[in-house]
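Each of the two complexes below includes subunit A, the first together with subunit B, the second together with subunit C.
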Partner chain A sequence: MLVKICIGSACHLKGSYDIINYLKEKIAQEHLEDQIILKASFCLGKCSEAVSVQIDDHPVTSVSPETVEHFFNTVIKESLIQ
Partner chain B sequence: MTEHFIDIAYKSVNKVNEVLCGDTVEVVRENDKTILVLADGLGSGVKANILSTMTCKIASTMLKEGESVLETIDTIMHTLPVCKVRNLAYSTFAIIDISNDGLCNIIEYDNPPVFILRNNHLLELKKETMIYEDKKVFLTSFQMELGDQLVVVSDGVIHAGVGGIMNLGWQWEHVADFLKKESRLYKSAERIATALLDACNILYDFKPGDDTTVASIILRAPETVDLFSGPPENSAGDADFVRQFVQSPGKKVVCGGTASNIVAKNLNTEVETSLDYLTPDIPPIGHIKGIDLVTEGVLTLSKSVELIRRYRHQEHINLNAQDGATRLSKLLIEDCTHINFWIGSAINPAHQNPDFPSTLSIKRSILNELIQLLQQLGKVIHIHYI
Partner chain C sequence: MRKFENYVQLVKYEVLREVSKSALRGTLTKDLPRIPNIIDPGPEPRSRCCIYHERAITAERITMALGGDPSNSNIIEVLETACDQCPINRYKITEACRGCIAHRCIDSCPKDAISIVGQRAVIDYSKCIECGRCKDACPYNAISDLMRPCKRACPVNALTIDHNKKAVIDNDKCIQCGACVSMCPFGAIQDKSYIVDTIQLMKKEATYAIIAPAFASQFSYASLGQVVAGIKALGFKDVIEVALGADLVAEHEASEFVERMATDNLMTSSCCPAFFQFIEKNYPTLKEARSTTLSPMFATAKLIKSIDPEAHIVFIGPCIAKKTEKQLYDKENLIQYVLTFEELTALLDAAEIDLENLSPAPLNNASYYGRIFARSGGLTEGLTTLIEKEDVTFNPIVCDGIDACDKALRIASVNRQTFNFIEGMACKGGCTKGPVSLHHAPTTTKLIDAYGELALEKKPEDSLRVFEKKSLSLHREHL
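Up next, the complex of A and B:
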């Protein structure tokens, strides 16, 4: 599974750095390196709903440093099971 | 003579506790020639500043208009106000006059001899002496070659450290040795001037005993950077623009997420980005095959503006750091003489969102500030709005 996190200007200001670090840490903790590839992306085209995150070819979702834990536990984990 | 660019940079530090500098540098760029005058007024402070300013203005204006050297010197001597204490009207000066075909004329009056370097060695040239009312004026004329460097200094450079950490100060020969080493390391006039002035400042223990000025001139091959930022107003022209952009001969820089995506898409490739933040406040750089530098937009640009401004103010900046803003700054300061800005006019919806910090919506003014700073550094700039 490929998870793309936007690091464009708007997303950066809204917390890409924290989200990337949180996800990196979680993936390492739960030993999911083989299953999840994290990738930075320059502008996913949804600047007004930063921070933009996209799983594979799914629609771009908006995640914030406050909601990233929830996002990881639900959306990412659910996508892994499928 | 092959195509060339006359790269010029000059910097001063004032004598300790002085607000005004008694050294003045004036550069005039005309279509057919470039003139630089460095004058060092007698004494320090206001009086020295007036003497050197007048000398520079008279010399540059008269020579620009094609007056003879003799006439120019005569005018300077008869115009400068006489110092009541010393009963002298006096300012030393060096005039460098480089015509477009590379012919260089140097006129020196009581200043430390101009350093001329070719292939990291001093060029010792025969000087013609002209006597003007008991005073000697030296004339040198030679054909410049690509890579030749001239360094003009006020005597504050030669005397750096005198009576302080060095008994006799730094002498002309030592400065020459220093320049031979530095010219191996740096290719921009800005870096050479900065390096020499920094060295003087250290010798003076940051309390200069005299106004200290360095002017550096290098005959460089022109180097161009093409910088694209912001998507074009009309996306129908993207493909044409990208084709034109990648065919430009210079180094290519793209600043901005959308701009990067446009370039990548039209080159049938993708933007590769790294997850590794080198510093939390600047987004990582990206990579597109065929493009020399790909960065995020407004945040990287504003950080670069800050870096270049601090650099201008003689602060120490590590230009070798690898983050996007420093790479961009180094490229613009060091590695080019000409810059083409390709600025898109499309509006990013995120920049209009009142919830976002105002730093986002000021991209255009940041670009304008960057352009102004680079012009102050002597870069030749063309702006294309697309």
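Up next, the complex of A and C:
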């Protein structure tokens, strides 16, 4: 599974670097390196809803440093099961 | 409202704008013959002897806007029809000559080229060697030095005058600093443009604009965010700061310095392509001292390509030498085209993008130190904070302008230096004062610092913390 996180300016200002670091740690903690590839990306075209995150070619979703834990536990894990 | 510093900028801009309009519409081939008449409608000329001469010059500028003469490898060309107003003789006796009886001019002339005719000094140009002693000797300051502005501006003596009184550039000597381009009062020396290629690329491919930190001092009539929004409105996929590449360069160059000082006693910066070439052509013995770190332009492009391998990238900056850097050193084809701020302005207007009415878009990935690369001393400040932590003495000399660079290099060439690092920038003040900058006012340095202060992160290591730097090779392949 490929998780792309936008590091464009709008997303960076809203904390995309923190989200990347959080997810990196989580992936390492739960030994999911083989299943999840985390990748930075430039503009995903949804600057007004930063931070933009895209799983594979699903629609772009909006995640914030506050909601990233929930996002990991629900959306990412559910996608993994599928 | 947009203001141009001078009329030369304006006429260059008008041509780029009209050519871009046609290229955007896709009617360039059809429109080309009409463009001189659109720009110079006549019947009265605006600046030259007649409307036909003006249109001929405009036609030459159009050729430059389309990429210039392909048989001339130099990115800078002399426009023959535009170069015809400079006097051929350097010294001239002016009205101020009183016909005095001391005749210091005559006595000072080593070639007996001056005589008194009808109570006025007269120079015999067949004898004159242009040494300038008569000028210094005259107590009335009556002898004026009319050295051609291009020749005076050229730091490497690459300009000569041919038998038709036209300026000629010696491509072997030229370092593409662009001083002649910005100093010619007739706009008769110009840089080749890739504006049409850029428009055509953007129509086909997702293209990133990477923008040099000097942009912070360019657009007095719009906010930085509006400029970013304007570039996106042109159709670029994203706008990335070259200052982010400067962060990479600062880190890489700092560790290169620490490594090299184990065996070497001098390293020079490599981000200014004119300085880089200046060493190559004038101090070949110091070639090896040049840092092997890529320039911020290439580093930024590498970073983007590591994230999006399909990326097409256009650099926008204040610099003509960057066009040469792309031409000579881009073996990996990291950058597709180099544009200037002059060209960006023309492109924005051609697309009828009104910056003042756009809502600003953010631009904030690079650190404070990456952003201040755009002014003299910026690189050195960044390196100082990075090298401080190491057990190596960092003894930099900041060379602001090519004359200062020349002085430091001359000392280094005889191994008499007290410094171990040269920061060299060809343009006095740094990139913000580049030859194709839109503004050269004294305030530009402050604007760069203010742009630096706006950065979310202070240091390169913070702005780069999410990138996989290990996989990025930032060494110049071409050395």
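Note that in this section the second predicted complex is superposed on the first by the 82 of 82 C-alpha atoms of A that agree within 3 Å, B and C clash if a C-alpha of one lies under 4 Å from a C-alpha of the other, contacts with A are read in each partner's own complex, and residues count from 1 in each chain.
Criterion: a residue touches a chain if its C-beta (ideal position, glycine included) is under 8 Å from a C-beta of that chain, and two chains touch if they have at least 3 such contacts.
From a predicted model like this one, the values you see are computed outputs, not experimental measurements.
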- Joint occupancy of subunit A by subunit B and subunit C, clash or fit: clash
- Would you sort A:N73 into first (subunit B), second (subunit C), both or neither based on which partner it touches? neither
- Task: Go through the superposed model and pick first if A:I7 touches only subunit B, second if only subunit C, both, or neither.
- Result: both
- Which of subunit B and subunit C A:I20 touches, first, second, both or neither: both
- According to the contact criterion defined above, which of subunit B and subunit C contacts more residues of subunit A? B
- Message: Quick check for you: in the superposed arrangement, does A:S48 touch first (subunit B), second (subunit C), both or neither?
- Response: first
- Task: Tell me which partner A:Q35 touches in the superposition: subunit B (first), subunit C (second), both or neither.
- Result: neither
- Which positions of subunit A sit in both the subunit B and the subunit C interface? 7-10, 12-13, 16-17, 20, 39-43, 47
- Note on the structure: subunit B partner, complex, touching residues on subunit A are 5-10, 12-13, 16-17, 20, 24, 38-43, 45, 47-48, 50
- Note on the structure: Contacts from subunit A onto subunit C in the complex sit at residues 7-10, 12-13, 16-17, 20-21, 39-43, 47
- Query: What part of subunit B is in contact with subunit A in the complex they form?
  - Reply: 256-258, 260-261, 271, 273-275, 277, 280, 283-284, 286, 294, 296-299, 348-351, 353, 356-357, 359-360
- Note on the structure: Per the touch rule, the subunit C residues reaching subunit A in their complex are 208, 228, 237-240, 304, 307-308, 311, 361-365, 456, 465-467
